[in-house]
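One structure is given here, and the rest of the page talks about it.
A, B and C are the chain letters, set down in written order, and residue numbers restart from 1 in every chain.
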Amino acid sequence: MPFARNQWYVAAYGEDIGDALFGRTICGEPILFYRTADGRVVGMADRCVHRRYPLSAGSRVGDRVVCGYHGFTYDPDGSCVAVPGQSRVPRTARVPSYPVVEQDSLIWVWIGDAAAADSAAIPRAPWLDSPDYTTVRGMEPLAARYELLVDNLMDLSHETYLHAGYIGTPEVAQTPITTETDEDAGVVYARRRMKDVECPPFYANSTGIKGRIDRWQDIEYRPPCLYLLHSRIAPTGLEPGPDGDDSAANHAEIVYAITPETEHSTFDFWMVARDFARDDEEVSAFLAESNRTVVLQDVTALNLLEQAIAAEPEGYQELSINIDTGGLAARRMLHRLIEQS
Amino acid sequence: MPFARNQWYVAAYGEDIGDALFGRTICGEPILFYRTADGRVVGMADRCVHRRYPLSAGSRVGDRVVCGYHGFTYDPDGSCVAVPGQSRVPRTARVPSYPVVEQDSLIWVWIGDAAAADSAAIPRAPWLDSPDYTTVRGMEPLAARYELLVDNLMDLSHETYLHAGYIGTPEVAQTPITTETDEDAGVVYARRRMKDVECPPFYANSTGIKGRIDRWQDIEYRPPCLYLLHSRIAPTGLEPGPDGDDSAANHAEIVYAITPETEHSTFDFWMVARDFARDDEEVSAFLAESNRTVVLQDVTALNLLEQAIAAEPEGYQELSINIDTGGLAARRMLHRLIEQS
Amino acid sequence: MPFARNQWYVAAYGEDIGDALFGRTICGEPILFYRTADGRVVGMADRCVHRRYPLSAGSRVGDRVVCGYHGFTYDPDGSCVAVPGQSRVPRTARVPSYPVVEQDSLIWVWIGDAAAADSAAIPRAPWLDSPDYTTVRGMEPLAARYELLVDNLMDLSHETYLHAGYIGTPEVAQTPITTETDEDAGVVYARRRMKDVECPPFYANSTGIKGRIDRWQDIEYRPPCLYLLHSRIAPTGLEPGPDGDDSAANHAEIVYAITPETEHSTFDFWMVARDFARDDEEVSAFLAESNRTVVLQDVTALNLLEQAIAAEPEGYQELSINIDTGGLAARRMLHRLIEQS
């Protein structure tokens, strides 16, 4: 099994889910999501208990879902309340319900044993709905396994080559990273601190900084799903104050949610939250367009890799170097989560 | 093996087969059909004995077929009569011939042991070329296994949900059915008799009845291929006479031929023969268009189910209720036919 | 394994390979080709040693190749000379290099054990870049296994049926062939000498001969890759002189290179070199267009056969006749090459 179960995954953005029935496969499981009249998002198996018709192809009557094939009708908790041609509903007529939590503008769903779901364990990304940040975002489907996206994001030296002209500069690939793993908390940290370097167009055009910068890339990956890139951009030499105050610098909180759809396909949710030029809609449009372009460059590359894996000979072995330390730590942690589940 | 062999299947409508070479795969077997000069339809394996080239990609010379690759030439009985570069034709040069019968405007082909073919065993649908009926018809290919179409047709309560606005009304799903199985004759009967119910647009617009109706749905399934729905529509209270005469009511003989192409694809032949408004071309056009729409609604749903089956976990179990009695009886009979073949 | 390894295969035409990175899969192995500044063509595995990214999706810096994902940089011999984030290049950082030879306007690549590559063993087709011949050519990808193209080319009686109106006439299929196999040299010869026959449009329009001809088809197949058809077209009765001089006849040296891409796909390189109407551009255009049409007729037929094979029952057996002697000899020789490799 390639997925860690008993884990929270991002299924959608909060605003994706409304009255309409919304079907999405997460970790190979087809799930129906919708928002009830009281605003709560519910998740249940998207497969009628009768003849497996997708409930998302049906309709709603109030908070209930009616299967579009034979009319089996379900409460938001997945229990069947009506069937055609008879008044008695069989006791076992029920589809599995999935714990769902809406937090930080994201819809999280628990895959695995529902009894073990603990919403306090959902990792946070508070910038996404904070009034102190402005966020642009999107989602691109990937025809590649999610591990390839984890690899991609854990090693940003690829920015220099795949994303030159956007976020990549020569210094990214040249600057070594520091990696740290917190096994108890389940986090992999990878930090690259660049001093007195070129400012890539992505930040030059959005922050307005002319000239050279100090650029921090502090990665915080919380497997399996949430990836945070704390990005600090400041004119060279500008340091945080002795009291920790860093408000003179520019910060972009770049968030990815890495959600397996199937063994060979992935949802690549991307968000860029910033504390600068917050009301500037041109900057928002520029960052949205630029980051989407960067993500699509990754999509193209990772889809190629998925095809390369499919064609490669038995026993092919990768060669890892220093830049891969973070990615390898992430793989080990993912591997352990899969084994535990 | 998912197909019942030693059975007759509908391969095409009679008028589909003319001078032209017509290739169609039935139960996984590619077959060439064409009509000889004397009007007889012949069937033979659509695979040259030499290098397996499809004979349907070749040409005809009189009643003979010439392979389009190297010119191997076949008589209508499948025996090879000429090969290139030599005058002697090898003794074993012959492709299998398939028993074919044209009856009730349908081309029936026998799949299995040709010696066991008995044309008297072909089930009848005499309305289709009777002067007392007017028929509209069509065929839609299905990207789904044929069993899903059998399920679909055996339980018409789905009309209420999938075909609302055409043939479905609330009463269809609410009215219980009576099911009967004749193991010796190999027939499953399922009857739903609705009294004083709403007339769906399909019948209101074609019969001209205004007001409520008695509606009978008498299913007669003769596995594996032929499905008959004897549909009676009459103003409420109009009963057949004591002598059995029912000419005052409207009758639609709805015929489906369910022919497996491959394990995961099916030919869905549909025909609607009526004894009312027989010369009214507007009614013919309306019924043809409406029934095609209904069939395409089924096609969409069944193709979704085929995908759902492909993705579902090991050990998934359906839940059956009363409405499924006819479908389950049909499955058992099909299962026995497969085991016998 | 369906391919003969330790063999030379045609990867491209010489003029296909220039400064640009050119990726092509040969016998299932993705290979990067390009031409260095000194004009030499190099081949190396098209798979970065780091994370398998296709090097052909990267870029060149001088004679070196830079991976488009993380910047691993390779010399033309496949050795890695730079990696990101560290100055030390791991000792094992190297991709396999493929022996490449450019000869007779073709790029030959050796698949298998590089140490065993002997460029003297590459079969010749000297007409292709001889000043005494004019050549037209092309390449069509085939969605079919290469053996089907070998079969096709070894038995030209199919010209009568598949290529009527181009190169096929009734006499081709009627005239017996002589087959000879030279096991030591690894050649299959198949000769068809037609006397006083119809001249097909392909040759009538290009040679200008009006009236009947003597037509020789002398096949020389050097498995696995090179197929030569020495075609002689002359007015009936014109024989080579006693000294062997045959300059009064017209000769077309028709060359095919049959290169497996994968188990189920093939590159079909075709070339027509002629010693007549050498400066006539209309004849060149006519022959290029006609031969491409003929090749596309083969492509259509062979793709159909590949699908027929995929669908055919276990245990299906072909029936072979005299015309297949050459093809069967070719298969045996190929089979032995595969077993040896």
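Convention: a residue touches a chain if its C-beta (ideal position, glycine included) is under 8 Å from a C-beta of that chain, and two chains touch if they have at least 3 such contacts.
Keep in mind it's a predicted model, so treat the numbers as computed, not measured.
**Student:** Line, ring, star, complete or other: which one describes how these chains touch?
**Tutor:** It is complete, because no pair of chains fails to touch.
**Student:** For chain A versus chain B, which are copies of one sequence, does the interface use mostly the same residue numbers on each side, meaning over half shared, or is it different?
**Tutor:** Different, since under half the interface numbering is common to both chains.
**Student:** What is the size of the turn, to the nearest 5°, that moves the C-alpha atoms of chain A onto the matching ones in chain C?
**Tutor:** About 120 degrees, rounded to the nearest 5.
**Student:** Measuring from the mean C-alpha position of chain A to the mean C-alpha position of chain B, what distance in angstrom results?
**Tutor:** Roughly 48 Å separates the two chain centres.
**Student:** Multi-chain contacts in chain C: which residues touch at least two other chains?
**Tutor:** none
**Student:** Sort out for me which residues of chain A touch chain C in the complex.
**Tutor:** 151, 155, 157-158, 160-162, 173-177, 301, 304-305, 308-309, 311-312, 316, 318-323
**Student:** Within the complex, which stretch of chain C touches chain A?
**Tutor:** So the residues of chain C in touch with chain A come to 25, 28, 30, 47, 49-54, 57-58, 66-71, 83-86, 90, 92-93, 262.
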